[in-house]
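Below: a set of structures, written as structure tokens.
What follows is chain A paired twice: with chain B in the first complex and chain C in the second.
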Partner chain A sequence: MTTDPAPAPQRKKRNFALLSSRAGAAFLTPAGILVSVFVIFPFFWVIFVSFTNRTLIGRTALNPEFVGFANYLALFDPATFFQRGQFGFSLILTTQFVLASALIGQALLGLLLAWLIQTVPPTIKRITETFVIAAWILPEVVIGFAWFAFLDRDQGTLNMLLESVGLPPGDFLLDQPFWVIVVFNTWRGAAFSMMLFNSAFSSIPPSYFQAADVAGASSWQKFRDIGLPLIRGHIVTDLILITMWTFNTFTPFLLTNGGPSYRTELVSIYNYRVAFQDFQFGKGAAVGVIMMLINLAFALVYLSLGRKKAPKS
Partner chain B sequence: MMNRMRALALGVLGMTSIAVPAFAVDLDVTCRCVIGGVNSATAQWLEEKVIPAFEAANPDINVTLNQFGGEDAQLTQQLALDFSTGAGPDITAFDGFLIPAFAEGGQLKSLDDLIGDDYANWEGWNHISPGIRSIMSYDGKTYGIGLGTDVRMIFTRKDLFEKAGLAADWQPSSWADVLDAARKLKEAGVEAPLQLNAGVAMGEATTMQGYWMALLGTGEGVTDENGKYIVSSQGVLDTLNLYKTIYVDEGLGDQRAQLLADGRNRSFANFRDGKTAMLVEGDWFYRSVTAPGAEFAVENRDTVMGWTKMPAQEPGKGIRGQDFVSISGGTGFVINPNTDAPAEAWKFLSFMMSQEQMTAFQEFQPGIRSRSDVPIPNNPFLTETSQTLLPLTTARPNDPNYNAVSSEIQRMTEAVVSGELSPEEAMAQYRTAVIGIVGEENTVSLL
Partner chain C sequence: MKLTIPAFVGRIAFSALAALLGAVFALPLLWFLFAPFNARAELGLAVPEPWTLQNFVTVFGNSYAVQALWNSFIQAIGGVILIGAAATLAAYALSRSSIPGKGAVTYILLLFSSVVSGSAAMVPIFLIISAAGLMDTHIAVILTFAGGLLPTAMFILRDFIDSIPKSYEESAMVAGASPVQAFFDVALPVIRPGIVVIVVWSFVNIWGSFLIPFILLRSDRNMPASVAIYSFYSEAGTPIVTLLAAYSLIYSLPVIALYLFVSWKFGFRFFGGIKA
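Let's turn to the complex of A and B:
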């Protein structure tokens, strides 16, 4: 903090300063260099590339030209914006995906699970937690493949189960690709919300609920009037975090490849296709910049909420 | 400190000058070939024949084969990234149509620049025709050595034709004949009688085996005689309408196979399992995909499987006024522009493409080879198809933008076969996209 050598008595007061500022700076330098090389430099590089027509192969790979806002204008071209396989379609699809799988699916399911396991015996609670968390910690490629095998029309486990109870089999990955990735992402991410709400519920003093029991309140009344109001802060945090994660998720690619016919092409997958399958680095960088701005907006909301909460507690 | 370093460097230099063989060179070779999987014969040839023979003759060079099991487009993606960052295998199998885009992007160097005299004086060039050499060339420079070329046709299941009451030596003379046969087969219980590749997932196989094979029958190509991309025309519309008839209106083909990520393998499985009776593919389908012992081997292939020429839309309406059409491509091997050992890489590549080794390849998989001193083996299928189809065939434009335009073609066909867009709408999207890639001055509208 201080740049000039402070007098001895003053330094004693600052018991948190373990190192001199010079030593602190020296220790920070390696991390600072790493962050600049791998985070800050690429950040500005992507912004720069988004104003060129750089490609990976072909003439413009070696001699990219400065094209101004052409990449951005192409992304927001009203004539093609809403077409399937274009940026606008993908953005709207991602919004629907976030609403359905994160805000409704993950948060609601997490809240429900967290509330229900408050009252069950500890053994059942632990088993439930284990299974839900397992879905969360398994490597993405493994569960992507497992779900693919589960949903396959001809050899899939789900269709075998359906047929064994006399129900007609479905062609889920092709007919309902959007709902497949919604259910998949809900299943995948509910564990985080559940754990967060679970610890939030545990922090409520049990006497509140005991008093409510004496007054003869139902479980729903306890949830609505005691549980929910006391964890409101946690809910907001949870919603913002899972919104950001779901907005950027790429795992549905493992199930559907963004298809069929771009029906599950979320912006992250769209970005990947433009940059690394069509090899258009310039346009891909422009998509990346827009995604960064959207994420920045989410992050600002999150940070400002955190600041508002701090003085209260 | 400096003195010690210098002494060490001198010592190392001295050692290398005396004992060169002690410092073995490692070469990595990649191909989309897996023993027991895709292009199994190529992998076997390299692993069992070429590499042991080469290492025996050159004890100071170690060669490792990476068997790449993914899709063509995935290998292209990996090579494009590797070659632009200085990584990647020393030698790799490569599809000729990508040479212009890679060469312009600096991901490949011409053999002239990379190898020099050893390349120019190679004995093999006396046995490789200029036409075959041009497959691996761009702008007058050669970038690799071709392994062979191919031709495209309709493969048929004679047993299913018989079941539907069609002649065993069926030869259609128009698209209508093909569709009629498909309808009869469908009535006879064949699930998805006709396979004409479409969609994004199949990559270049959609453009080559599907779109081109139909489009050439309307008398057009992807580019006109001046090399300008045709972005709207009756030929494009007719081709898209053919797709619509097959996959959307009449359900004569397996729509799912065009849309799913592993669709091409599904189409092969359909043919193997008797669910498809007509499949438009290259001779690779015969040589490798359905060969005995392969994953999609057809039982009793010699009696059950036939082939026929792809007809034009109507007789005489095909490209250059032809009644029948075909298109050829070719694959070969190229050298990584950033390889540490270009001389050794060339040594291996030229050894692999020597008369002796290429003749040995014929034992693993008979084919039309690039060297004229490697005889086409006594194989009725290859002799007949090459004699009949090579005079009819066409080549893709040797243009660095072709790969990007080809992706738009795949998108256009997918939009139609999924029922998402009408042929007119899909063509309008294609027009906008291609103008964005090559510029309006390099396109032409014929409507």
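Let's turn to the complex of A and C:
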């Protein structure tokens, strides 16, 4: 599996290298320049910009002034922090979104799907897998529009189904926008967890399960006592990766635009609005810095896990 | 082995649950099977009567829509060439050379690539592109994606090269090849499958992306399909459903084709692990 970014354990030093250091440096240069300019440099520049009052247009676009911690103080202003459309509201919303849609939704659904498709007939396995993966690989814009049509109040497929079984239809995008994006993100991303757990389950020697079968174990017992303990490492990897992706996702913007009235404004969308709709680059940069610090915390945990055991799955 | 009756019922229940979940995942996409072929499509699910390609004719008659698909193609191909070439060279160096500090470089790159996401770094990326005078150009989108996707591409490829025995190149060098010759003539053909994987992966990522072109491009001339699709709205802001449906299908086709290609060639579990 290539989801494991753990640096390979240091090989034994060899005197003979296939590529001289000079040639190696030359080979590394193009990638080094691109990554430095578009990944490493932005990391430091965003910190710098977050201490200025830079704007997209106007006088301070050209000559931004140093304002110290003003942007951060504005973000964390206790008077407005929890109000809708403010940073605190957005941060809490994002936390709930990550908990509900990634840690509970995607991970549990992925685990269930991975376990189910181990045992069901190949035809059902293939069809189910195809749709789960389609939800994940199709371009986000297309998925956003598909859900827009699906949830339409008057004609949408969902309300059509609800009415056909006698349930009241609803205008879900307007009434329950948060739960809409939670279900949407669960649906969109469950494929990754399914595939990761599926390959983890496949790596368990079949003899373990055969022995359990002989002993008359139920599927639940096999799952609880054999499957789950043996893929614990993969579960941790999966949880960290989907947390980071869900935290940074911008896709719900394509379904709800962050609305109605900021009720689905995740930090990524808040960052976009502050910087590119309100034109406050300094403040947007401060949001970016906080997002990166949160990413950094997760990345450090992830990398330290990889270093400890460097699993080859 | 004989199945007992409870076990048999259990298997049916499992199959039913799996099929039900499959159906739940299929539901929001079902609409795309019908609406593109229905000249009077609305947001509701309806079987076209008659089935027609009229919507596709309209899309291909819209020069802006066709231009946007072409723009997506230019940006994705440009990014893929840069990423493919730079990642191959860098991954080979990380795997085969004895540059000091290789491990540290790898660690730092991994760290930064997970920390600097598009949605966290949109302000500095915008400012860098703006300062470089590349605003509203294809090259802006290509370079940004190349930088952003390169770290992951490098790691995938480095793992791949690490798994190939060094003896291939060593024998070539014993036979008198220079290290650079050994790379181009011996190693490159062997690592081609790894390159195919990162090429497909970066193509799908760039082709489907919305945020970066959305903030870096301004004019209709340069917009990729992901952003241009929002032009299929009437003045009142309601979507022109027939065009949107047909266009979405056309726009999704390369992704579907590449997915089928990869799953045919490698089995999709491999593909599964490598989406950003």
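Please note the rule applied: the second predicted complex is superposed on the first by the 292 of 313 C-alpha atoms of A that agree within 3 Å, B and C clash if a C-alpha of one lies under 4 Å from a C-alpha of the other, contacts with A are read in each partner's own complex, and residues count from 1 in each chain.
Keep in mind that, in the parts below, a contact is a pair of C-beta atoms (placed from the backbone, for glycine too) under 8 Å apart; a residue touches a chain by one contact, two chains touch by 3 or more.
Just so you know, these numbers come straight off a predicted model, no measurement behind them.
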- Query: Does chain B (first) or chain C (second) touch A:42, or do both, or does neither?
  - Reply: second
- Message: According to the stated criteria, A:74 is in contact with first (chain B), second (chain C), both, or neither; which is it?
- Response: first
- Using the superposition on chain A described above, determine whether A:171 touches chain B (first), chain C (second), both, or neither. first
- Of the two partners chain B and chain C, more of chain A gets touched by chain C
- Task: Would you check which partner chain A:276 touches, where first means chain B only, second means chain C only, and both and neither mean what they say?
- Result: both
- Message: Which partner chains sit in contact with A:55 here, chain B, chain C, both or neither? Use first/second/both/neither.
- Response: first
- Task: Pick out the shared contact residues on chain A: the ones touching chain B in one complex and chain C in the other.
- Result: 276
- Query: Residues of chain A touching chain C in their complex?
  - Reply: 1-3, 5, 7-8, 10, 14, 17-21, 23-25, 27-28, 30-32, 34-35, 37-43, 45-46, 49, 109, 112-113, 116-117, 119-121, 124-125, 127-128, 130-143, 145-150, 152, 154-158, 160-161, 187, 190-192, 195-196, 198-199, 213, 218-219, 244-245, 248-251, 254, 268, 271-272, 275-276, 281, 284-285, 288, 291-292, 295-296, 298-300, 302-303
- Item | Complex interface listing, chain A residues touching chain B | 55-59, 61-62, 74, 79-80, 83-85, 153, 171, 173-174, 256-257, 259-261, 276-279
- Which of the residues in chain B end up touching chain A in this complex? 73, 77, 80-81, 84, 98, 101-102, 104-107, 200-201, 256, 259-261, 400-401, 403-404, 407, 411, 414-415, 418, 420, 429, 432, 436
- Hey, which residues of chain C end up touching chain A in the complex? 1, 10-11, 14-15, 17-19, 21-32, 35, 42-45, 82, 85-87, 89-90, 92-94, 96-100, 103, 105-107, 109-128, 143-144, 146-148, 150-151, 154-156, 158-159, 162, 166, 169-170, 173, 179-180, 182-183, 204, 207-211, 215, 225-226, 229, 239, 241, 244, 248, 251-252, 255-256, 259, 268-270, 272-276
